[in-house]
Amino acid sequence: MARFIKKQKHEIGLPPDELLFRGDKKSEEVTIRVIDFDSKNLEENALNELTGVLKYQEKKTVTWLNIDGLHNPGLMQEIAMVFDLDDLIMANVMNTTARPTVHEFDNCIFISVKMLQLNEDSGMISVENLSLILTESILISFQEKKGDVFEPIRERIRKKKKRIRNGWTDYLAFALLDIVIDNYIYIISVLGEKIEVLEEHLGQNQPDASVIKKINAYKRELNFLRRNIRPAKEMILALSKMESEFIFENTYVHYKELLDNMNQAIDSSDSYREILTDQLNLYHTTISSKLNDIMKFLTIFSVIFIPLTFIAGIYGTNFEVLPELKFQYSYFIMLAVMVVMATAMLIYFKKKKWF
Amino acid sequence: MARFIKKQKHEIGLPPDELLFRGDKKSEEVTIRVIDFDSKNLEENALNELTGVLKYQEKKTVTWLNIDGLHNPGLMQEIAMVFDLDDLIMANVMNTTARPTVHEFDNCIFISVKMLQLNEDSGMISVENLSLILTESILISFQEKKGDVFEPIRERIRKKKKRIRNGWTDYLAFALLDIVIDNYIYIISVLGEKIEVLEEHLGQNQPDASVIKKINAYKRELNFLRRNIRPAKEMILALSKMESEFIFENTYVHYKELLDNMNQAIDSSDSYREILTDQLNLYHTTISSKLNDIMKFLTIFSVIFIPLTFIAGIYGTNFEVLPELKFQYSYFIMLAVMVVMATAMLIYFKKKKWF
Amino acid sequence: MARFIKKQKHEIGLPPDELLFRGDKKSEEVTIRVIDFDSKNLEENALNELTGVLKYQEKKTVTWLNIDGLHNPGLMQEIAMVFDLDDLIMANVMNTTARPTVHEFDNCIFISVKMLQLNEDSGMISVENLSLILTESILISFQEKKGDVFEPIRERIRKKKKRIRNGWTDYLAFALLDIVIDNYIYIISVLGEKIEVLEEHLGQNQPDASVIKKINAYKRELNFLRRNIRPAKEMILALSKMESEFIFENTYVHYKELLDNMNQAIDSSDSYREILTDQLNLYHTTISSKLNDIMKFLTIFSVIFIPLTFIAGIYGTNFEVLPELKFQYSYFIMLAVMVVMATAMLIYFKKKKWF
Amino acid sequence: MARFIKKQKHEIGLPPDELLFRGDKKSEEVTIRVIDFDSKNLEENALNELTGVLKYQEKKTVTWLNIDGLHNPGLMQEIAMVFDLDDLIMANVMNTTARPTVHEFDNCIFISVKMLQLNEDSGMISVENLSLILTESILISFQEKKGDVFEPIRERIRKKKKRIRNGWTDYLAFALLDIVIDNYIYIISVLGEKIEVLEEHLGQNQPDASVIKKINAYKRELNFLRRNIRPAKEMILALSKMESEFIFENTYVHYKELLDNMNQAIDSSDSYREILTDQLNLYHTTISSKLNDIMKFLTIFSVIFIPLTFIAGIYGTNFEVLPELKFQYSYFIMLAVMVVMATAMLIYFKKKKWF
Amino acid sequence: MARFIKKQKHEIGLPPDELLFRGDKKSEEVTIRVIDFDSKNLEENALNELTGVLKYQEKKTVTWLNIDGLHNPGLMQEIAMVFDLDDLIMANVMNTTARPTVHEFDNCIFISVKMLQLNEDSGMISVENLSLILTESILISFQEKKGDVFEPIRERIRKKKKRIRNGWTDYLAFALLDIVIDNYIYIISVLGEKIEVLEEHLGQNQPDASVIKKINAYKRELNFLRRNIRPAKEMILALSKMESEFIFENTYVHYKELLDNMNQAIDSSDSYREILTDQLNLYHTTISSKLNDIMKFLTIFSVIFIPLTFIAGIYGTNFEVLPELKFQYSYFIMLAVMVVMATAMLIYFKKKKWF
């Protein structure tokens, strides 16, 4: 399947609120985890059924509901009913191929963004869709598979870190997005270090064929990354300008920091892109200048022998009358002439700075 | 005829409301189809004459009038009269070469967009103009030829899908445009998969001449597609910002989703364009580096034989006095010297990393 | 003289209202033509003197005054006086090298735009300046030379076409500009067809030197065209947004259509520009890949003969002791060895996919 | 010193109002010239001391004070005191390396722009800084050296041209800026003509090395020019939008015309830049296609002789048993075979369209 | 570590107000310096402990607190407490890898910018983070290491320069930023001079391999510089538009001048970037045209000898019947023919302008 965009033929013309899972199924099970807290109390729970959520719903606490696995339309329907969400939102949650976006609804904000993860061995970047639904006291996060990057946040909640425990769902959403963007920067940083190592290598060594493979591999990953983070910037910008009842005044400073981080990520990825282009050019320059040197050397070498061989050819002819052949010192004279000619040509080429 | 833009000399200077069919005639017959529905009732009809439409006009239901074939000025005139439309609009409907656009009139909204269809065999994209006229209770859609992509919508209407049956003409227009844009994304997705397959192929195999043909073919189709969808984005943007009495408040969320989809389509087409450019560069790099290797090998090969042949030439001369010729082991010494020279040169070139 | 921009040294520092003709004189005579009409009456006249215009000035009809030839400062002065126009405007009218622009004055709107005309034989585009002065009941159009493209409009006036006969000077100005822009699109369409024909040709045939000449010629004309129509778009945009007493509410829909047309023209010219660049690249790729094939073939051919010639050279030496020479089958063995060597090399090269 | 930007180390950290001359000293003397006029009276004066200015200061006339030479901090201090100007302004006046800009102060407008002058012999463009201080009744212009381009304006004042004599300082400033921009256009026009001549030359002749030198020289000058006029456009734009008490309502039409001219200048310089790039590409294409032709010819030539020489080599061997040597017509047969072979190869290459 | 962006894995998910030093530790010690002044009094102090600052805090004077070394979280905590600053700000101060930015808080403005320093020997640019916290009467500046570029400002304060002594913290902040930007311009100016020297060198000499190394080195430094100053421009722009109680009306003119300077810096760096690209192209053109000349010469040289050697080869064959061999003048005729052939070929090549 295409890595950048996916659309099956049968998906064309579906109603916008059809609860159809679109994407690659990355998880078998669906798991539900709840963390419910205010500045004083904390309750963590792994649920089997959605009904267990109901009790948190009424409490004036922050409830973070995390759902791993999106392919169960029944559950989605249930969530829509329990939290009184538009089917449209749930359809969006299940569409993992959609573009990062933020939409404000009457009773919630819907946020969708790509989580990137670097496979440190293969250097390949994998992508997972993260959807957030933000209401006054509940934050629901939807991930495609188990095993997330949000453990540090759970730790901060458990350790009673003031900001997050005193904060509201909007702050919690910031914390999640912050980790997502930190991951972007981390990936760029890892990729960037590889690129800079390659640059140093290029400055000192003769490049070989492996260099071009590396440059192209880095370029492909960087392009993939850029394609995923560019729309995220638009989303964060829209979020930081949104005037919503679900976002408190003092959370905007954090959203603006997210924007700063996104800008840094995009700046850096632009810079590395430029560097890769420069490297590609440098590689070609080095390779072709080396080839030029070789070809020049070889050509000059050949050229010197051409007239000498010609002279030998002349005295190899079998004419009956060829006066020089009879003369006693002819052979030695010929050898001497050949040496002189070769030397003269070498001097001439040297003087012309041809080698 | 030019594929991108068409203008006959005799068309210059026509009045803007002249009902002249501009474009390639793609259908002989003109067919009229009506679907009239509200949340409870549904009536479908294929009409011979426009007069059959009159009865739907007064009813407080949504009437979708679909017309295939645009080359009949008489019918257009009639439609203008029956629905009290400006001649300008009908002239625009008949101009299938115009740019996607949206205009608000006093009693309707006029929307024009390109429908793209991929011929899966040839890989060629064909284009058809779709015009929509949106009034309070009637949506008229004009297509160039029979056989459309809107069957799924008719199905949704027949199956009493709530949103569409409760919706109004603005929602119906959204549904049509949604399918058009879904088709854009589907085409990009199909094209994209081909491009990614090619990329994988390029990474593993020696490229041959067919690759360059493919790249150029993909590029041409992608450019054609981009040229048709870029103005569509402007149109959708204008539509989603239009403050019109014919569009209900809660339909805007759908129009904004259209915009998201258009952005995704354009993003992806940009990405694939970049990938094609990279592929082209990679192709050239691979080809030229292979050629360089061959030329280098061959040149080195030649260079080694040049001095050897020269030596043989010297002892092929017919000088009467050429002392070495008399000596018993000369021939073997010469052969030995030749072997040593060739070896020395090979070692020298190897050391210089010339091969 | 430069084709893109012209400035004589003596023109520097002239006052802005100096009535100096700037440009190439394209016509000897100055001719004045008047069409005066309302929905009922029509009067056409060719005048010798400006005084003949006075009688139309007071009538509540639309008066279209067309002047061919701009090099007569006296007439310009007179026009300024008769219609009470600022000298600045007349100076602008006489400056045929200026940039397309629109300015609103107290008692008129001044519009300037480039008329392009394609010489169908040479493929060269020629440019002529058109200035329009739009007051409440008079439209004055200034052209550089006789023979215009506005005949269809005169026809429409004569044929009592409703819109133009009921319209006002603002509609007449639209009709003139519409023809100018239709001409842009026509030229792009003609140029575009040539470019697409070339593309098809390139896809099927071996390109020769004439292709590159054509590409460069098309490119030059396209650039020339683009340079003239890009500022025109800004002008049309400004016009369509201008809130002026001389433009009626219901004319704006026409001006917006002009903008649509301009956008289409610019879109298409951008597309063709891209296509030309792609063609240039394709041409270079094809040429160089063909050259590579030839060089490779020839080099391989040479390389095969090099060791064979060397062997012949060895047995051409005149050593007294050269055992192989005496042996009866030496010659045939040598020939056999040569055949084997050549075959082996061919197989090796083939296996390495060198040809 | 760098041509584009200059900053000495000791200049870092100076206070913004330090009266330090920054730039290259282009004039030894400082000269002061006054023109004082209203619609009826005119007085011209060359002053030794600033005190002579005082008498004009009170009069309700337009006073144009022109100062050539900026390296005298004492005089600058005096000017600041006499006209009650901020030291900041005078520091800006003395900094000839600054970017074109316009700033509004409480009692004046400060304008700075680059005057360009073309050395018609060398084709080099030289740059001089022009600062204008515009108050209600006084315009002070500062130039780096004597000998300016403003003589036509003095002439217009002397000749009692109405607009300038009735105008105010804002109109005078327009007149000065108009000449500066006219000079930009003139330079582009001269450069452009050279470029177009070169283009015609390129279309007809074989390019030689001088062409590339010319292209690079033109490119350098064009870039230098562009760098100086681009910020000027921003300045003019800001000026034409400035709502200041020192600019009369009816002068804005002139400022807008300046903007039109700037746009034309920038458009044209963009066009010529594109043309130069195209020329460079054409040059490379022509050169390399010619080289390809030569190399191809020479290679084919060599290839034809290679097998022939090989055959001669075979019959030059000294084998005792070489049957063909004995046969009477061998030599002639060999020659015939050679002719046939050469012909066959020529036909083959021709058929393959290799030459 | 990557030079452009740094992110450790363990930093992901930290709370935004975690006081963690991020970056390379550039200094061991932390030093605190205070300058406290108003227009009359001045007090300078190097402090060991932060408590010494308290006495300045209450005074109605400008207090400039400069802190070198950022790796002490304890001190940062203390500063936050003493001056009642949000932990967020201190976390930002300690993050030296962040993007230049400006944020307004309730009781202060936070500014962060990169200080660049050129190592004149290596030509490498090093970067240091500068953070400013601006309150009503206190300016705190944070630098990564001792030894700054702000000495000229201390001098201006000591020398009782009026503007700075009468100014407020907002003016002091301007003075610091002014020096930072002056340094940008100085570095561009130094780099620019090197680039222009190289350009002159390129115009006159045969380029050698060192040129390409220089171009690439300059390009790398320029890109590094551009990446650091581009976001600074956004920051300055935001600052100059900020409506804050901590910035006095008459300081904005200075902030606007900063913006002018930033624009100049960016313009110039853009220009030099273009010049470097042009140089790279010129280098390649020169190198390849020289190679072409050599190859052409050598090929022509070879081609002339090829048929001559062939002729000699023919008369070196040992056919028993080879009539020419017997003829007395054959040898001389052969030599003559060879001379004629070589001359004819030379003339032909010359006429075809091949050398």
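Brief remarks on what is shown
Should a chain be cited, it is by its letter among A, B, C, D and E, assigned in written order, with residues numbered from 1 in that chain.
The criterion applied here is as follows: a contact is a pair of C-beta atoms (placed from the backbone, for glycine too) under 8 Å apart; a residue touches a chain by one contact, two chains touch by 3 or more.
None of the values given here were measured: they were computed from a predicted structure.
Taking the definition of touch as given, a chain qualifies here only if it contacts chain C and chain E alike; those chains are D.
Rotation angle for the C-alpha superposition of chain B on chain E: 145 degrees, rounded in steps of 5. Taking each chain's centre as the average of its CA atoms, chain B and chain C sit 26 Å apart. Distance from the chain B centre to the chain D centre is 41 Å, each centre being the mean of its Cα atoms.
Annotation for chain C: residues 295, 299, 302, 309, 313, 316-318, 322 touch two or more other chains.
The residues of chain D lying in touch with chain E in their complex are 1-9, 11-17, 88, 98-99, 101, 103, 105, 206, 209, 212, 216, 219-220, 223, 227, 230-231, 280, 284, 287, 291, 294-295, 298-299, 301-302, 305, 308-309, 312-313, 315-318, 322, 324-326, 328-331, 334-335. Chain contact summary for the complex, chain C toward chain B: residues 149-153, 156, 161, 163-164, 175, 178-179, 182-183, 185-186, 188-189, 192-193, 196, 203, 253-254, 256-257, 260-261, 263-264, 267-268, 271-272, 274-275, 278, 281-282, 285, 289, 292, 295-296, 299-300, 302-303, 306-307, 309-310, 313-314, 316-323, 353-354.
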